[in-house]
């Protein structure tokens, strides 16, 4: 059960506490509101109607919401109209898909600036690039680290693009937060609860990738870890799941997009590059993602994919990316896109 | 290796045979052509250039195609422009998605006719309905059998819709072929090789559903089982695969659609009803499928889903189906749809 | 709900029918008993205590068993002490694991007789060998067919080994039944309901392999398809399931063995050859299977695995098979093996 | 390629470096040896025989080992006889399986001491218990933290059992290392590369659980992350993988045990509690694991499973645990156990 308060004084909150004796409560900032939430798992039917009415009528209480799912702050019931995450002026979650594009890894100044110019020109609003890379082998290229962050900053200055880059550990949080507009949490870290709690404590947009073997519920609970620390500026990213499939490294699970929009108010974007692992499948999957309601895309682009230090086979060349952007714009113009989003909200 | 011949006389074929001594060959009708193919697995590099040239220059030989994949007649190399399956005038595989809709099971006359009228009105060209149902439990409703086929025939007469229905066993082949325009082979029978060979022997369009745990290669080889018996009028249908997922019974694998179109000339449609198991996800997945190049859709529609004898939760009400059709038409009008198909063909 | 009757006259059965008006009943032979079972899915709580008592007291009724699972005849509640399938004198399901061994395919007379002698010498009781092979590609070796069955018959005559071989289609049922002691239904045919019903109609031991993507419930329901036609001489075989794994083609799911023994009275054996796809893993998995309660093993053996026409990499050489048999015998001598089986029965 | 050195002086190491100009090398302590290893992915065939001989003959070089797999220090080729990890006197990886048992979470003093006494009495050598719990929901019980570590320490004092407990983040490393004998890295953190590198820097036995969707290669590379920092006291733990299965939360992948022992010298144990999620399946899987070569077991035991704060359904009661220990001892006495281990080493 969540109690949504606005402009609540200290006395107002104590009043609510009084009406829930014995409960372990927590107060979480949520935009212009504050949410009081019980810390332990509570099933909805434990709260009688009487109690709910009592709480509804308390001062400064805007709404009492009973939610039977384990994820509370992430639940669409809290915000039926959906959330829009504002990334320094660029909106993710409004009616236009936001596109984040760039190389898998920041390799060198020329590669990054060249790619940044190209994606900017094609209409992307956010530049992606890894400075700290999660590699399966300790002997593989691990990324340029802080040098990579500096290059991203330079590209930002030159192009006006916002930046999204991955944070791998708590230790580097403040450094990365200094340079980036969006902190990306990778698939392999979706269950790194310490890391999630850590970025929940700062005010910086977060993009949380789905674990490659995580059901939607676990994914939303991972977002809950972030939001329950006070940071509600969370976006989700579907990037393919592990299946028996031999044709692609992962399988793009597009049905999770309308499913998540039905259950949660958070924006959800799609990564067709990791999700397919093959450049020939990226544009079809990008179109499909936008057609079923994705709020944006995360796409790998490289001027010379054959020379990429990582993920070359799934990177698009700049001209193909430009074509993808044109097609996405067309798809988005279809009237019925809004209907889908509104429909999902009303389920 | 395939040798494509046209208007070949008996002597022409003997000539080819002479140039491939010791090989086990087979002659397969393929539309206006005949294909000579080696019966055992042969790897491409075993055929020298000299031999290929020798064969190319033989009389009535139109083309010699070396294919390294195990599937030959299914391979796009045989027909780069793609195939269109003609279902008594309705085309599957041309530039307009063909929609097949109707109830999961044929339950009774009223239910079927009511649904047929509704889907016809909304623009579907083909009616689906199961007379023989594959049920996990021997105690579940197994379908109306021949009575169901008669009802489908009646609906066809009244609406002009073509019919697609599932064939479960060899024993019923001729009966079902008499009543239906398309023979559907279900997911659980994708590896029923006897059944595949049996329908390969008649001249009737076939729709082959992907096995729920089958890689694309096995799926194409299943189509190869049908085509190698002489029936080249084959369509494929993606209907979701088995994954760890808890949210939906199967996971819609949309990336298999552009992947199959890259590897094979056969038309491929999508079944978002079984693929998601939830009616709220059907329209988003239908849009996504068309956006990434599907040649058609197979959708479950029921006038009163709550009363359906099978698959109620995934069936669309007629009004929702009508809305889906409208949105699909819009999506299809986008120019770039043709580009995608041509692009896939040229990979 | 099942009503177990013994030595029931026609009037006795009519009496039961009278006490269940409006129900669709079916009478199924089950060894020395007859089971009356409702044909449609019935949930247990629909049968009141009064009704159960009424039925229990009817003449010739030995027991009334309410079963909430969808599988009834397969349920252990019907036969808590477990079943033993008698294969012409060889018992499967008693306290000694039954071993079935031989080549994947029957290739020629020498290969088969040589292997038969070797496995016989090492202590196997049943010879396996495929005459009709399920091949993913229509161009692969499909087996020797009837010639293969004759060779199996010859090996039987010379060694005294019983025979198990796969039946692929209804058409060949009587032919195969003539030559074999056990009819094997392969993984790809676990959901071939026509085939299951067909072998349910004859009196011949059946070994039903688990579908590679089938949950245990579906597997038991497939056995139910066979048994509900009257053939209760059914054994199950775990042979690996499809997972994301890259190291082995399938993943041996040994936990399904104690799980099945908890839910069903049928004997269950393990196939570590297909289950691992690698000869080095066969003996460890064979040991593990016996250690957790398997009633037997199905193992591929070939005198020269490198020359095998199918599944060479997973075949054991005769000397390795002999060593496996020694280790299995040792494991089986441990007292506690009986405890496990009895324990599982009492859950 | 690895160069194994013993008693090497600074000049000896410079000499090796001279013979590998332009390579990025790293020197890693490994017990009584030092291993020089190239930091970037190198494929074996890049090192000519001449170079290998040159290096073999350099002073203090004991052996030059070319390894084609990406994992080097983990590879069995480095230590064909296998490794034994010494946990303050308790050996893991020798011929007797080491058993680690205890509650999922440390809940309170009485629960922990009661369980510790019970498992000690039954023959376990190591006590498990979680002080920091990885919970899918931020609202679930997260563990007693340092208080839990103190209780574990107390149990150790009273019973003499060694301790294994999970470390969730880098921040708590030194605290946990102070209290525990073995640091456990959970399945969800197998790809937390920062955490792996961090524990690689201290001299403390590590138990690395397999990621629930990780192929064996990724698991060994995770171990490589730890070992390449200098800590070679690593054990592996198979705990079930994610599959389509509905019967158990995870599927125990026992074939990974002989597979890992074939590829790596590290000890590998099995966790049948998480691997099955059901207490009735724990003993059968424990027996199976030991039968196929596991070096030990990790088992959840709770005096009153119904009251457990986490994982109750999979916990064994003390009396069942005692019975499991008896059966494991019997299994282990079989002579052939040594053969299996030696055989795996010689593949």
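Should a chain be cited, it is by its letter among A, B, C and D, assigned in written order, with residues numbered from 1 in that chain.
Criterion: a residue touches a chain if its C-beta (ideal position, glycine included) is under 8 Å from a C-beta of that chain, and two chains touch if they have at least 3 such contacts.
Model, not experiment: these values are computed from the prediction.
The chains that touch both chain A and chain D are B, C. Greatest centre-to-centre distance from chain A is found for C, with centres as Cα means.
One finds 37 Å separating the Cα centroids of chain A and chain B.
Here the spacing of chain B and chain D, counted between their Cα centres, is 49 Å. If each chain is reduced to the centroid of its CA atoms, chain B and chain C end up 34 Å from each other. Within chain D, residues 213, 217, 242-244 each touch two or more of the remaining chains.
Residues 213, 242-244 of chain C are the ones touching chain A in the complex. The part of chain B that touches chain A in the complex is made up of residues 213, 215-217, 241-248, 251-259, 262, 275-276, 280-281, 283-285, 287-293, 326-327, 330-331, 334-336, 340, 344, 347.
Chain C contributes residues 38-41, 70-72, 134-141, 168-171, 188-189, 191-195, 197, 212-213, 217-218, 221, 224-225, 228, 242 to its touches with chain B in the complex.
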